[in-house]
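Multiple structures are listed underneath, in structure tokens.
Okay, so chain A shows up in both of these, paired with chain B first and chain C after.
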Partner chain A sequence: METLAINMLNGLSWGMLLFLISMGLTTVFGVLGVLNFAHGALFMLGAYLCMQIMRIVPSFWLGLALGPLLVAALGVVVERFLLRRVYARDVSFQLLLTFAILLVLDDAVRLLWGPAYHVVEAPPLLAGVFPLFGHTYPVYRLFLIVVGPLVGLGLWFFFQFTRWGRIVRAAALDREMAEGIGVRVPLLFTAVFALGAWLAALGGALAAPQQSLAPSMGDRIIIESFIVVVIGGLGSFPGAFVGALFLGLLESFGTVFAGQAQMALPYLLLAVVLLVRPRGFFGREA
Partner chain B sequence: MKRLRGALCAAVLVILAISLPASAAAATAPIKLGFVYIMSGPFATYGQFAKQGAEMAVDEINREGGILGRQLEANFEDSTGKPDVGIRVFRKLVFQEAVDCLIGLDSSGVANAVVPALLQMKTPLIITHAATPDVTGSLCNRYAFRISLNLDQNVKAAALIAAETKADTWTTIGPDYAFGHQSWEYFQKYLKQIKPAVRFLPEAQTAFPPAKTTDFSAYITKLMQAKPQGVLISLWGGNLIDFVRQADQMGFFSGEFEVLMTLGGAVEVLDALRDKMPKGIWVGTRYWFLANDTDRNQRFLNDYYSRYGQYPSYNAHGAYGAVYTYKAAVEKAATVDKETVITALEGLSLELPVGPITIRAEDHQALTDACWGKTSADPAYPIPILKPMRVFPGAEITPPVTETGCQMTP
Partner chain C sequence: MPATFPRRGGPLLWACLGLAALILCPFLLPTYWTMVLTEILIMSLFALSFNLLFGAAGLLSFGQGGFFGLGAFAAALYLQAGGGSVWLALFLGSAAAALAALAVGYLCVRRDEIFFAMLTLGFGMMLYTIAHNWRAVTGGSDGLPLFSLPPLRLPGAAFSLYSPVSLYLFTLAASLLGALLLWQVGRSPFGLILTAVRENKERFAFVGGRVQRVRLLAFVIAGGLAGLAGTLFCFFNSLATPDYLHWTFSAKPALMTILGGSGVFLGPAVGAAVFFLLEQLITQVTESWMIVLGAILIVVVLFFPKGITGLLAARRPRTRSPRP
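After this line comes the complex of A and B, so read on.
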């Protein structure tokens, strides 16, 4: 019981952080058709900007609110002036371009903030611990478990039930038709890319009180996000949720029960999903 | 006539004045040193400290007239922590830059790949951080030297401390590559020798997270549920920082078991964690800036602090010390010829800020002191310091050459 509960919490908090990051990745792919390699770098930038804002005004909440917005603004610039030029070209151009952005951002962070490790404090409200089975458990992890689904639900509601959400879905389904009925698709793409960047940065700012900030910190999390998105189904929201949940729990229980085989589990899962159901749990038929 | 002669003399003097320094410079072209550390990615701060230490040593020596009257020139390359990149930049330094000596290496993985390749490069390498016992053991060769504490020596010191505690049941958490696994293997070997009654938890109750891990909660839960009496931690860098912060919140450091961190005394880690480093935990390091008050160490510490505004880490010390080690060897050899310098390095003794070191001729590993201490707060320092502190003399913690597995081929 004790083992089950703690592993549940471990897996859920990690999974929900993955979910936030994967949502951005999957939205950008679903609407723009771009596999954004720079997503991890935007995650990193979110964490660093949150830290930078906290150096000026020592409030985590302000960093959490403003940091991702600044990254979203950067997303606007990237889409408007770089990404837009390669939509019509071969898909390899998009991969190369987003990979280049990743390298540029990695080096920019190293130049601006130096190579040293940085640590961000959780806000006083969430910094505490609560007793659990004779030990303690951080409140911040519970916060992560709550905030992931909340953001997810909000976005799902937006896409499902609002006028703007419908327009985005229409443009994702058939770009030409949407343009034909008067949707300003280029503007819409800019907005969606900015949303993806915002989600990545939000994940980064939320991860900052848990993990140290260092150059290229996004490279590590992006691999797992790719796995989440592929097993959940590229472009699918519920897919990202189920995929992240699955991966988070698999890793926490795997670590405790599967020994050294644990490391292979996410990749094994990926391989099985690709073999049995290549479009992922919730992916649309290609 | 006289004026013409005077003009001629002046002309000759001018020509001499222009050409003499040039020809003198040709005879004293700079000695080239090639440094390879991790300069990018999550471990880049280690490379940064090493670069600072190296540049300070090079500047000091150049100010005092260089080595054998020749100035030093430093070339830095980024290994990125990957073995294939490591070999590539080493080849570049040797075959394109024509360096006289190589210094470097942060990762044991890179060291194990690079050392065998030195046989083609025929250039001495002074290792200052990578701790794998193999490069002065089963993989040892004529070109590879190490002046920093290796895994074997550091873990021996850990075992000596562990034997003094009441803990009889031990487990470990370490990075999932050779370094983490070998730390555990050697720890078991040494602790068993000192305290035969000790017990080690089976593999299923040890933890080896991959280096890319950022969420350690599952590993922390696993270790705590194994109910050990002592835990050996060989994580380093950002992994160690993340682990310590997350484990602290889950009650890991509440005193239920002993904790030894083999690389917890790194300034890179202490400076990031500051007051978030739990107190009273045993941590080890290859160099600690307060470990001795020799003039040599004071000078290094003061100069480093006033130049960079940071306390020198063991990686800064390693790169700094390697430059002086090379200087001592070249002065002993009276030439920069690589093979002669190698012979001079064998058996070389010199004083570094860390204390006296002696490079064994048989396996090229330096006998150097290990420093361990308990983390504690001191208002005089912004980072946790080691108090009480234990210094283990190199001769006591270094295994005999016969145990290293080194077969030096000429």
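After this line comes the complex of A and C, so read on.
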């Protein structure tokens, strides 16, 4: 019973982090049509900037608020000066461009903060543990489990019910028609990419107190969020949510019933979904 | 992709001159550069095999490192178990990689473009995870070191591959054979079919072609040759490590191909050479070679999508145009 509960909570907290990252990935893809390889690097940058801000002003909350905003500003620059030039080009070149950006960001982080591990302390409010079936469980993970769905609901509400959200969806559905009725699509694309970068960095800042910071910390999460968006259906929010939960729980329970082979489970899941339902749980007809 | 050779002098003459230069290199250059050239040859073969998928079939794979590394591990396991034939090691490395490519390709060729890239990335990382975690067989993150390399047995003679010159010549022969195979595949009816699928897979399917089967065959050939390159790399480094299977390694042939140009047959090889020469130059100045590489790639992708060979071909008016 207690292992069940603990595994459940571990799976949920990792899943919610994955959900945040996958939401950014899937939003940018849904609107801009670009799959962003550098998304994991933006995640890492969010964590490092949060740490850097905490070195100046020792407040996690300030780092959480400001770090992702700085990364969003970087996103504006990247979209405006680099990505915008390749929308009309072959998909492979878009992927390679974002991969080149990833190389630059990864090495820049190594240059600025060194190759060593860094640790970020959780804020005092969330630093403790609470009793659970005679064991203790970190409060911070519960915080992650709550924050993920909150951000997700906020985004869903934004896209579904606000004027700006509708405009974004309209531009995603039919770019030319949106331009025809007066939407400034290039500006909108910049804003959406900045939103995606913000989401990635928010995930990074939130992950910072939970895992150690190293220049390759974005590698694992980007691969897993690729798996999430493929099994959930690329461009779908509910898909990202279900996919992330599924993957998070599979990984935490995998250690119980699969032991050593647990690390291969996400890929097996990917293979099964591809064979049974190639477009993913919530994907539209390809 | 059909190559665009200059007509002047005839392609055969140029090929012979190039071959002679390649054979003479290790006798004229210091050992250090012979070893750099060996690595360039291996990575050229890897990049050329990648370009069968990328250039000819229009499929961007981010998982070729999985097959490269599998080749290295298969050869290392065979040699560690006391295997005594370099030839068998090469065969086992390529065959293991081709078999894995058959299984992975069966799943991946169902989708194109972005999905194909993501799927190959995912399954490449699956192979990495297995190599990294299955310590009993692969040695985990330490990898498998090669303590002894059997001599290369040819009819009537045997050579030790510990000498950099003979390892270079052996690598040259093996990668040339691989490149020749890829060249023939590109020129064959199958190569044309591959291009047809790239250009319009719906039309190809409507006239009765089997898109997935054609792509799968290309994937297996590319995977097998990546395994051959990986086996050579295992000889070269005396080591098979999970790093070869990581997606950052898988990206190398893609970067080399973009740098050199995917539209010319030898473009990826030119890219591999430029890649290593740049690395030699830049790492003397700064440790942050990846920042410079990333910046170069951004410029190439944005402004010179046809790469170095594409630029050269555009400046030469008298080139043979690709077959209609």
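Please note the rule applied: the second predicted complex is superposed on the first by the 286 of 286 C-alpha atoms of A that agree within 3 Å, B and C clash if a C-alpha of one lies under 4 Å from a C-alpha of the other, contacts with A are read in each partner's own complex, and residues count from 1 in each chain.
Note that contacts are C-beta pairs under 8 Å (C-beta built on N, C-alpha and C of every residue); 3 or more make two chains touch, one makes a residue touch a chain.
Values in this document were obtained by computation on a predicted structure and should not be read as measured data.
Undergrad: For the overlay on chain A, clash or fit between chain B and chain C?
TA: clash
Undergrad: Touching A:Met263, do we find chain B (first), chain C (second), both, or neither?
TA: both
Undergrad: A:Ala214 in the overlay: touching chain B, chain C, both, or neither? Say first, second, both or neither.
TA: The first partner, chain B, only.
Undergrad: Give one of first, second, both or neither to describe whether A:Leu35 is in contact with chain B, with chain C, with both, or with none.
TA: In the superposed model, A:Leu35 contacts chain C only, not chain B.
Undergrad: Once the structures are superposed on A, label A:Ala100 by its partner contacts, choosing first (chain B), second (chain C), both or neither.
TA: Only chain C; A:Ala100 stays clear of chain B.
Undergrad: In the superposed arrangement, does A:Ile223 touch chain B (first), chain C (second), both or neither?
TA: both
Undergrad: Who does A:His135 touch here: chain B (first), chain C (second), both, or neither?
TA: first
Undergrad: In the superposed arrangement, does A:Ser252 touch chain B (first), chain C (second), both or neither?
TA: Touch status of A:Ser252: first partner only.
Undergrad: Is A:Arg169 touching the first partner chain B, the second partner chain C, both, or neither of them?
TA: After superposing on A, A:Arg169 lies clear of both chain B and chain C.
Undergrad: Applying the document's definition of touch, where does A:Leu111 land relative to chain B and chain C: first, second, both, or neither?
TA: After superposition on chain A, A:Leu111 lies in contact with chain C alone.
Undergrad: Please pick the stretch of chain C from 217-225, 235-243, 289-297 or 307-315 that overlaps chain B when the two structures are superposed.
TA: For chain C, the clashing option is 235-243.
Undergrad: Can you pull the chain A residues that chain B and chain C both touch?
TA: Shared contact residues on chain A: 106-107, 110, 219, 223, 260, 263.
Undergrad: In the complex formed with chain C, which residues of chain A make contact?
TA: Interface residues on the chain A side: 29, 35, 82, 85-86, 89, 91-93, 95-97, 99-104, 106-108, 110-111, 219, 223, 226-227, 229-230, 234, 260, 263-264, 267, 270-271, 274-275, 278, 286.
Undergrad: Could you please specify the touching residues of chain B with respect to chain A in the complex?
TA: Those in contact with chain A are residues 39-45, 47-48, 176, 203-204, 207-210, 212-215, 217-219, 221-222, 224-225, 237-238, 241-242, 245-246, 249-251, 254, 268-269, 271-274, 276.
Undergrad: Taking the complex as given, what residues does chain C use to touch chain A?
TA: 54, 58, 60, 107, 110-111, 113-115, 117-119, 121-123, 125-126, 129-130, 132-134, 247-248, 251, 254-255, 258, 288-291, 293-295, 297-298, 301-302, 305
Undergrad: Name, in rising order, each residue of chain A that touches chain B in their complex.
TA: Per the touch definition, chain A meets chain B at residues 2-3, 6-7, 9-11, 13-14, 17, 106-107, 110, 114-119, 129, 135-138, 140-141, 207, 210-212, 214-217, 219-221, 223, 251-256, 259-260, 263.
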